[in-house]
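Going by the order they are written in, the chains are A, B, C and D; count residues from 1 in each one.
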Amino acid sequence: MLKQTEGSKAVAEAIALCRPEVICAYPISPQTHIVEALGEMVKSGELPKCEFINVESEFAAMSVAIGSSAAGARSYTATASQGLLFMVEAVYNASGLGLPIVMTVANRAIGAPINIWNDHSDSLSQRDSGWMQLFAETNQEAVDLHIQAFKLAEELSMPIMVCMDGFILTHAFERVDIPSQEQVDAYLPPFDPRQMLDPAEPISIGAMVGPEAFMEVKYLAHAKQLQALELIPQLAAEFKQTFGRDSGGLVRTYRADDAETMIVAMGSVLGTIKDVVDEMREQGHKVGVLGIISYRPFPLQQVREALVNCKRFLVLEKSLAVGMGGIVATDVRMAVRGTGLKGYTAIAGLGGRPIPKTSLHKLFLEAEQESLEPVTFVDLDWDAVNKQLERERQNRHSGPIAENMLHDKGMSTAAKFG
Amino acid sequence: MANKPFAITLKPGTSLNNLTGSWRTARPVYLDRLPPCNNACPAGEDIQGWLFHAESGDYEQAWRALVENNPLPAVMGRVCYHPCESACNRGQLDSSVGINSVERFLGDEAIRRGWKFAAAAAASGKKVLVVGAGPSGLSAAYHLARMGHKVEIQEAGPLAGGMMRFGIPKYRLPREVLDAEVQRILDLGVTLKLNCKVAHIEQSMQDGGFDAAFLAVGAHIGKRAMIPAGDAAHIVDAVSVLRSMEGEDKPMLGRKVVVYGGGNTAVDVARTVKRMGAEPIIVYRRTRDKAPAHDFEIEEALQEGVMIKWLSTIKQAGDSSITIEKMALDDKGFPQPTGEFETLEADSVVLALGQDVDLSLLDGLPGLEIKNGTVQVAPNMMTGHAGIFAGGDMVPSERTVTVAVGHGKKAARNIDAWLRGTAYQPAPKHELAEAGNLNTWYYSDADKTVRPMLDIIRRQTSFDEVQGGLDETTALFEARRCLSCGNCFECDNCYGVCPDNAVIKLGPGKRFEFKYDYCKGCGLCVAECPCGAIKMVPEDI
Amino acid sequence: MGFQTVKFYQTGTFTVGNRLLAPDERSVQAGEMRSNSISSGHRACQGCGEALGARYAIDAAMAESNGQLIAANATGCLEVFSTPYPESSWQVPWIHSLFGNAPAVATGIAAALKVKGKHDVRVVAQGGDGGTTDIGFGCLSGMFERNDDVLYICYDNEAYMNTGVQRSSATPPAARTATTMPVGNEPGNVFGQGKNLPEIAMAHGIPYVATATVADLRDLEYKVRKAMKIRGARYIQIFVPCPLGWGTASDATILMARLAKETGTFPVFEAEYGEVTGVLKIRNKLPVEEYLKPQKRFAHLFGKHAHPEMIARLQAIADRNIRKYGLLQDQES
Amino acid sequence: MFEVRIHGRGGQGVVTATEMLSVAAFEEGRHAQAFPSFGSERTGAPVVAFCRIDDKEIRLREPIMQPDALIIQDPTLLHQINVFAGLKPEGYVLLNTHHSFESIGLGDFAKTLRPERLCTLPATELGLKHVGRPIPNVPLLAGFAALSGIIRLESVIKAINEKFSGKVAEGNVNAATEAYALVKKEMEERAHA
């Protein structure tokens, strides 16, 4: 059913349609609206046969999900940013134990400085955690990916994060088609756990594994994610059959057929990029787009195929490997190794910095002209940065960076809109 | 498990593949130690063994276990001076287990319920003559009969029981109790000939066709002391007094009776004459704590109004008075005269200075050795004359009923072996279970049960039994105070406290076994065994 | 407490078994068919109090739940010695996740069981004192506060033994650990710190809190079985001496627990909804020296450079426990 | 594409207003995207929210920097931040006040814009009158419908009924209806002036 609704609410409805049995909730912006909505549904009886547990931390949220999943219940939680970091130990544990937990990550920056706005630092910090990560471009896709995620996770007995841009998607009211319960039931079978804590058949889960078998265990997790590379497109195809929509999959291209310059990105910024590309196409620039939906497993082959015919590519990412550069870009470059393609990295939108079309126009043109530095920081206030660097060169005790910069920029502590 | 995650998920209980027994440097082993009560029992009773059955309320089984060694529990429960209780480890915890009272309870219960001994073994075809129907003779007769031998007791007196009847007053041992236990022995098929004094043992054996003989004639001749006495002085011996109590003619001792001596017999006489209305005074040359009589007997006598002159000797006896001299203990604890005299009223003087044995039946018997008026016997209780064994008061020993009963049992076993042409080999003694071997934490605090005593007026005026018995509840309580020193009572502690589940419980009565495949040798089972029935032994590494 | 009704029997009341008791009054550990939840072959040290306490407790919980039990385990000695690949000692369905999250994992299991309608299957979580009083404290408090249907059992051996005997917030004052060495003016662990977790648990107002030791099996089983009869969050702290960490003989494990209780050092009690409802009385009160002396971790309090003033402070702590809980026979509790 | 920016303070229903605006547009079969400025959500703090309306799918995710319309829920903000930043020359402005632009010192600024696209509305009073709370968002939405014609009053009423129910819905519908009429009347009066 078509609805004009908030992204978080739409996702909550989608989760409810997946008949979760245990939901762990701990508040952190910007995922709060999702679990709030689910909590209300459980309490009102709209979502029956579900335990909604208000835990005392994200670490507990993931731990409760570990317990409930191991005991055979379809388990869900949501988090973001610091919350994800606070549960990291349990995040790795859930994947290590092969528990098919689904978790929404409402992507948000990581402090310090504390910042509640969107970028991809949080989930990308968990790229090696053994979890799958799917990135939604729109709220419709966020809805659809969650439905696919349960099926994918349970098929492989591996946990999955569905990543959606905090605020930009979670708090956006837009048109979403919410499927019917019948449709979801037809697509998603009941949870049939691969192993379960059960007095009828006792097992010991979570053994200590020494050097003699640890590598094999880790390889098997890797092998599972490689299987996911085949399964994800299959599930997307099945999804289309049931729901009549293209959603999910590993990657998605836009106007890429004859593109000479390809823009690679993840998440909601793809919408803005597509608008810019349309405008540039009108002006005759051969620009195309590659959206990556499956960040983990990373579809090396599909990315290579999408890029191999262009002349250059630019990875625009909302994340920064401090001391190195791009995070997604590194993987993309790995995908095109040996092709001789020119690749650029653009770091944009950190901590909720708007990514306006104007900036992208300029950036893409420079990419097309191959005049970019290998790593570009989009809309960085070089003036403020350079002043601070200079101060630090001169004085070891130069004071807090953020305050200095605000002073330099002539801002009061009250934030500007936008 | 094939479909479960590799390595992270494991099958339950698979650690059984890991044999941790290899860690061990010492291993626990079960053992039996000799409980101190058993060790101290002159009758060789397995006290702990029969208490075990009493603990669960199975009194018949307890009685049967008891009479394996001693056919006279009801008697024993009254007259035994219970060295078992003195040795009892529980004495170091609170107070010793009231073994004697439980024994009496079992004995009385057996009489009340009419329990009979188990039938004798197959007849051996051998005949044994037992001379004397005292505790030793009756004990030997009982054991021999149960071993399948034909036994005849020849008793010089008119009734069976020996010193149990003629030496111990009724108020300590009611005669119906004695009669019942004697009868039960006779019921085994033992022949008792009363008023049948054996004049010559070889002759008697030959006449009766006996293959062996056990002599237990006792010591019935009262010792005399040299007391200057006038003609009118009335001096009798204690044994005669006590013996005459069993007949029609009660002794005529007058009102003031001086009893001379400090042993149990002296006390018995004094308490007896008190009950006859006289005023007894015991005169003893040493102090109360040096007196051979049991202190509780002295205490009971004092309670009943018996007077006692400690540190006194009789210097002279007249027709209605005696002169005593005060004594003082020297450095070595011996009494020495002080030259201080006192006169006491005395209608009669009873000498309780010990007894001698009438050895006339042995006259002319070759091979015998007599020393200090007693017959010398080998460790197997045989006299120097083959086939003739002796025991009880007539051989060198502490002269108590319990010792006598023990002699009878020991002699019977040896006679049996001798008759079969073998030698009796007693089972090797286990090491003693000492208090240090126990973990007494596991025993509940429980003070000894006090036996009821007859009220003082009736004690002074009647021959009713002074000390009562325990009722069933108190007997059970008392039995359960047993610590089972040195022998597993299946408390399951080893089975429970093993952190490695390395103890197998074999089921009731079957005790336990170690699983040495897993036992790491921590020693917890040893430390926490209440009764000291496990010990650590170094591994041979 | 209730189980003391078997007092009549003079032999074996305190022992594991007692042939004189009716079968339904016998301890779980005395049974030939006890579940032996932790099988032989585990890798615990000789005389391990935790291995013993865990079997006591889990066997009792198994008995009470008719074998319908799932256990969640914190990282620690118990986990390491029971489940090194490829062998597990556990006979119950068991999961180890992390050091600090066993209560939350158990909450999750309980939630799953509830939602699946498996009301007869019960959940225990267990960990050492470090996993309970320190790193797992947040999750534990959360589980208590929500009153989740979980019995949490803390095996308290008063330090981080798995990592080599470092101090935890359950380490007693003056004790030597690898991080509280017996040096300086006040050797060993400091006075005036640490957590009393049973009381903190009580402050949550949960239905049941109890302490127990491996020296009083019947009391321990009574408490576990009682806890298993209750729904909601329950906490039992079991005192489990560690021969390795305490420097005691491997055969003294139970003795140490007994002395801790008899000196008043470790009060044994139970509480319902935040109120103490019963204490296990001291049978023969002993001075703390009796408890301290056999332990190498307290060796610096004795001998040439003795610290009688520290012993006096430990005695004062024990005396305070005795007063506070009424641990003596004639005291009101 | 038509882009609306609403300014207000926390607690005045700014975000709700953009959401209802998007719902109203959706009810008319159009695509709409409403989103907040993701600021801190404390009462009294300046808040801004956005709404895009288009006839095709809206992919753009940048904040609205050059709005086609401004709804200012709290006139005191005028002294605090530049609420008019980026406003297109042909843009609409609806201001919550019972004063005129001139009387609050915006006369000169108003002259740079098209007068038929400017209006003030005593929305707080309307909110108080009909709903009993000083929440100006719904009357302003209806006023905006009247001012711009981008959405219809019926759509605003549908959005109200989707968001609220019972007496609150009824009061809001009345407030919206009156606000719509007031703005219509004002615009007509001005057109005839």
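Just so we're on the same page, a contact is a pair of C-beta atoms (placed from the backbone, for glycine too) under 8 Å apart; a residue touches a chain by one contact, two chains touch by 3 or more.
Just so it is clear, the structure is predicted and the values come from calculations on it, not from any experiment.
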A-D or A-B - the one linked by more C-beta pairs in contact: A-D
Per the C-alpha means, the centres of chain A and chain B lie apart by a whole-Å value of 92
What's the distance between the Cα centroids of chain A and chain D, rounded to whole Å? 34
Can you work out the whole-Å distance between the CA centroids of chain B and chain D? 113
Averaging C-alpha coordinates per chain, one finds the centres of chain A and chain C separated by a number of Å equal to 44
Could you list the positions in chain A whose residues touch two or more of the other chains? 97, 202-207, 209, 213
So chain B residues touching two or more other chains come to 7-8, 10-12
Of all the residues in chain D, which ones touch at least 2 other chains? none
All pairs of touching chains, please: list them by chain label. A-B, A-C, A-D, B-C
Within the complex, chain D is touched by chain A residues 4, 6, 30, 116-118, 138, 165-168, 171-175, 268-272, 274-275, 352, 354-357, 414-418
Touching chain A in the complex: which residues of chain D? 7, 15, 18-19, 22-23, 25-27, 31-40, 46, 48, 58-63, 65, 81
Please output the residues of chain C touching chain B within their complex, sorted ascending. 7, 9-20, 27, 29-30, 32, 36, 38-44, 46-49, 51-52, 55, 82-83, 85-92, 94, 217, 243, 249-255, 258, 283
Of chain B, residues touching chain C in the complex: 7-8, 10-20, 23, 55-56, 441-446, 477, 480-484, 489-493, 495-502, 505, 507-508, 515, 517-518, 520-524, 526-528, 530
Complex interface listing, chain B residues touching chain A: 1, 3-12
